[in-house]
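Chain naming follows the written order as A, B, C, D, E and F, and within any one chain the residues start at number 1.
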Amino acid sequence: MKPVKRIEIIIDSLDIRMVLQELEDIGISSYSVIRDVIGSGDRGARSGDLLNDAMKNSYILIACDEEQAEKITEALRPKLKRYGGMCLVSDAQWVQH
Amino acid sequence: MLNPAVLFFFLGILAVLARSDLEIPQCISKLMSLYLLLAIGFKGGVELSHSSFGTEIAATLLSAVLMSALVPIYTFFVLRRFVPAHDAAAIAATYGSISAVTFITAVGFLQTLEIPSSGYLVAAMALMESPAIIVGLVLYRYVAAGQDVEGDDFAWSRVLREACFNGSVFLILGSLLIGLVTTDAHAASLAPFTDDLFKGVLTLFLLDMGLIAGRRLAALREAGIGLVLFAVVVPLVNAAAGVAITLVLGLGLGDALLFTVLCASASYIAVPAAMRLSIPQANASLYVTLSLAVTFPFNIVVGLPLYLAVLRWVHA
Amino acid sequence: MLNPAVLFFFLGILAVLARSDLEIPQCISKLMSLYLLLAIGFKGGVELSHSSFGTEIAATLLSAVLMSALVPIYTFFVLRRFVPAHDAAAIAATYGSISAVTFITAVGFLQTLEIPSSGYLVAAMALMESPAIIVGLVLYRYVAAGQDVEGDDFAWSRVLREACFNGSVFLILGSLLIGLVTTDAHAASLAPFTDDLFKGVLTLFLLDMGLIAGRRLAALREAGIGLVLFAVVVPLVNAAAGVAITLVLGLGLGDALLFTVLCASASYIAVPAAMRLSIPQANASLYVTLSLAVTFPFNIVVGLPLYLAVLRWVHA
Amino acid sequence: MLNPAVLFFFLGILAVLARSDLEIPQCISKLMSLYLLLAIGFKGGVELSHSSFGTEIAATLLSAVLMSALVPIYTFFVLRRFVPAHDAAAIAATYGSISAVTFITAVGFLQTLEIPSSGYLVAAMALMESPAIIVGLVLYRYVAAGQDVEGDDFAWSRVLREACFNGSVFLILGSLLIGLVTTDAHAASLAPFTDDLFKGVLTLFLLDMGLIAGRRLAALREAGIGLVLFAVVVPLVNAAAGVAITLVLGLGLGDALLFTVLCASASYIAVPAAMRLSIPQANASLYVTLSLAVTFPFNIVVGLPLYLAVLRWVHA
Amino acid sequence: MKPVKRIEIIIDSLDIRMVLQELEDIGISSYSVIRDVIGSGDRGARSGDLLNDAMKNSYILIACDEEQAEKITEALRPKLKRYGGMCLVSDAQWVQH
Amino acid sequence: MKPVKRIEIIIDSLDIRMVLQELEDIGISSYSVIRDVIGSGDRGARSGDLLNDAMKNSYILIACDEEQAEKITEALRPKLKRYGGMCLVSDAQWVQH
């Protein structure tokens, strides 16, 4: 098992394309996305019940090494500031295969 | 007049107020709105293919675009006195743009009364979504905002694409064009789907809209009485302008009603999506709630019969 | 008689047994059940608007409510000998309440045989959902349970709201009322949706029910032979009571069949939701499996033709 | 000839190219494909119940199974020169199997031209899904693969179940059998659902297919020009073989077209699912992209009119 | 980056309103919810295939400070006892923005 | 609170039955599943937009003790090797109830 950083991002569903583009730009090509997430935060409730993806969040999970984690959080910080959302970093072990 | 579709809208609101767990999954809402946009676009195109493109149509489409561009300007300067510039711009764009659902409800309303209307109004609807967004953004970025907009990653290309190619505009215009080139035999083979089911799906959809609007009612308190009044008065003002324009253009009763309803309606699909990307500071809960929980019900319950009565009176 | 809707139910069960990956997403199940509840409620209301409200209707509705309240009582005392009090109460409520899907299948069955029925049976259906839940809870809390229920956060208000305003009851009653006040012209414009599609959607829905029921078959072993027998015998007993009541009330053949089916059917939508909140100790897998994988198929396959034959015989 | 269904397919592709956010939720795609499979199977069964089972039917079904088994063999040996054995086997199985959507589009195409066809072609379609999968696997495991396949947890039982009982095969065959035993009265009561809506749902579904295919276009570069050519040439070769077989069998024009289209079409539902389990090394993106973004559009746009013209010519 | 507690709750979908109410009562207004979760636990399998939300779970993710975490777990404990479900607490870093 | 291992598995949706069977075989009967996950990894993008569950992932979350975690990762390793996917192990506290 290999120690990795586990990055969780919650961001507006409308911004997901932009974030994935950002990840690609900094060379991250492995990630997982859960598209339908609702919630509540500083910008109020997001109930996910409109006719499009406005008012809905998505969840991104990335397992990567420490250096990449650094890059990702640096790239995301201004986006999170501008568009809202949340980003958590924690530790995990990657089961090698 | 007890239209079951409108009653189902109230049933939806009532379900929320009674705290019932009645709920329609979002993908079903999407299915119904896809269907309605496709059907309305396609039928509009088929009708259009039977009429000749003349100056009346061109003048109407131009007026529609102008209304969509002018409404945000006056509302923006009114709103700026009460709310921050970013919210003012977002709400202004909301009211300049249109609500496809209101339009579709109006088409159903005319069908029930057997008042004919023309297909090109569908084109007018599609054309009115984007100008308001662009004008709203111009006002915000060049008229009002100071250091707010410096150094952000704003890109007109992305916003224009969002404004012009958003899913609903794209589907309406695409279906309209396809309807335009479809032969009558093909159109007839699709009629059980596009025509016969239309009223029924609209009914179920309005139940859903009632649930969605009902859930937003709580947010009205946050908006305050001033903005709620705004959400009723502005549609009336715009409808009055719309009625005047239809008189000048000499539209028939059905077309005049549809044009008026477009002017009076406010967006809650295309605009929120575009605003999120371009004015993320704006309070989405505010503009979505005003258009969805005030203006939309007002238009379909009070507006439709009112505008029709006025139009009947001025056309007589 | 090979009814395709029933055959599709078996196809669904077969798909599970053959370990096929055939699957219907949950939101599609929800769409179909919303549609069926809306259609059945609306059509019931429209029919009701053409009949005069008399003592027959009042007596039938009253009997329906009484059956829903009495069935849990006798079944509870039978069940208590075999299962813990919380399970007994939950199962009792399940069998006192009704299954909208069984009712809807029975309506389709009558349509195929061209036997007329009245709209107010839809009202009876809606009224029978809640009393059983309330009686089940009363039995559990005041008759059976000891220290189990002390200090929990049980609130009648919440349970009553759940029992009376749950999504399906709300939609049926709402649609019924809307149907009641809708003009014939409006109703006709909705008919391609509410009437013409009804049988087809029911067919696809029964395929889905077959898949759902099939997946529960494995849990039958856990329930044991005694409860499985219960799930067949109780419907028969209740149906017999139902037949007797329809004789007393003097209902026509179609109405009598629907009433009987309501008595014989068991809930798997409203009751499980209400029980989870009010008797969380009860084993949901148990009561859902009995009603869904035993009583429901029994009623639509054996029950419908059997009850009809008996009713024909006693009515002759 | 401007068929609106095909135009909606292009609208979908265009939406992707224009980077519109138009999107159809996956559960809606599933609903539409469930509906289309059920409708096509059921109608096929009903038609079949009116025809007598003779040698023509038996010979056609046998030829269908043979085509499905033989196509993978020749394509496999061609492909092995260009791609690794696991990809060759997976692509070979893809092209031996069939695409239900292409078949359904062809049925709609015939309906519009009012060319009659027989129900048993639906059975042929269902029978052609699995042999190709099995042959592809045999080729891979016993002809090509070396140490690749040693010690893996491959189980024929699991793969055969997947190949023969996968959701779409199961639903088509089940609906066909139910249609076969359904009385005309029952079938008529389902017709508003299974017949009248068919073209409309197909149209919306092709919009969805356009979106799905459009998203795969980017992956074509990865596949390379050689494989893209393969994805156009092999359908033509198989169609030619199909035409020859229909001449030998003496099929009518409509049946001949459907048979030819089955030969020419390539799978993107059953085969990808089966390959994932049995040849996980194969690059799914490759074979799905070829069949979905090249062969499928080619068949419905160029193929259908072309095959019909050729069949008309050879049948004359 | 700020150290936070990461609370994950899995609970019956029918109870989600109640849990969110509970969170509101103790002053937690930031959380994310994934509604469609299936699973298996002490009370058997939850396959999520009924016609309503019975037999289905929901997932709640909350990033908060240690004190709030304490409050949340205390408030949830009796609910979990009565209605079933699961609650995990782990450590993470919040990317400040 | 009891320390537990938190295992996250992301695997092809078509393989989910197999993985759950594997879990059952080694005596794990408590887990949660999120069925609709998309993503990207070594085997390319998985967009989840086909007509069946091909090209889609599922997410499994298991809280268990260390010994069970060992068993699970050992059982999954060959599957992950053969079918792709990812498995992370991290630490958490289980809120006892």
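Going forward, a contact is a pair of C-beta atoms (placed from the backbone, for glycine too) under 8 Å apart; a residue touches a chain by one contact, two chains touch by 3 or more.
Bear in mind the structure is a predicted one, so any value in this text is a computation, not a measurement.
Placing every chain at the mean of its C-alpha atoms, the farthest one from chain C is found to be A. The chain with its C-alpha centre at the largest distance from the centre of chain F is B.
Separating the centre of chain A from that of chain B, both taken as means of CA atoms, is a distance of 33 Å. Taking each chain's centre as the mean of its C-alpha atoms, chain C lies 38 Å from chain F. Centre to centre, using the average C-alpha position, chain A and chain E are separated by 20 Å. Of all residues in chain A, those touching 2 or more other chains are 34, 36, 52-53, 78, 90-91, listed in ascending order.
Residues of chain C in contact with at least two other chains: 21, 26-27, 30-31, 167, 192, 196-197, 273. Residues 2-4, 7-8, 11, 14-15, 18-25, 27-28, 31, 111-112, 192, 196-197, 199-201, 203-204, 207 of chain B are the ones touching chain C in the complex.
Contacts from chain E toward chain A in the complex involve residues 1, 4, 6, 29-36, 61, 63, 90-97. Chain C meets chain B in the complex at residues 26-27, 30-31, 34-35, 38, 42, 161-162, 165-167, 170-171, 174-175, 178-179, 181-183, 185-187, 189-190, 192-194, 196-197, 273.
Residues 12, 14-15, 36, 43-45, 47-55, 78, 82-84 of chain F are the ones that touch chain D when the two sit in their complex.
For chain F in complex with chain A, the residues that touch the partner chain are 8, 10, 34, 36-42, 57, 59, 73, 76-78, 80-81, 86-91.
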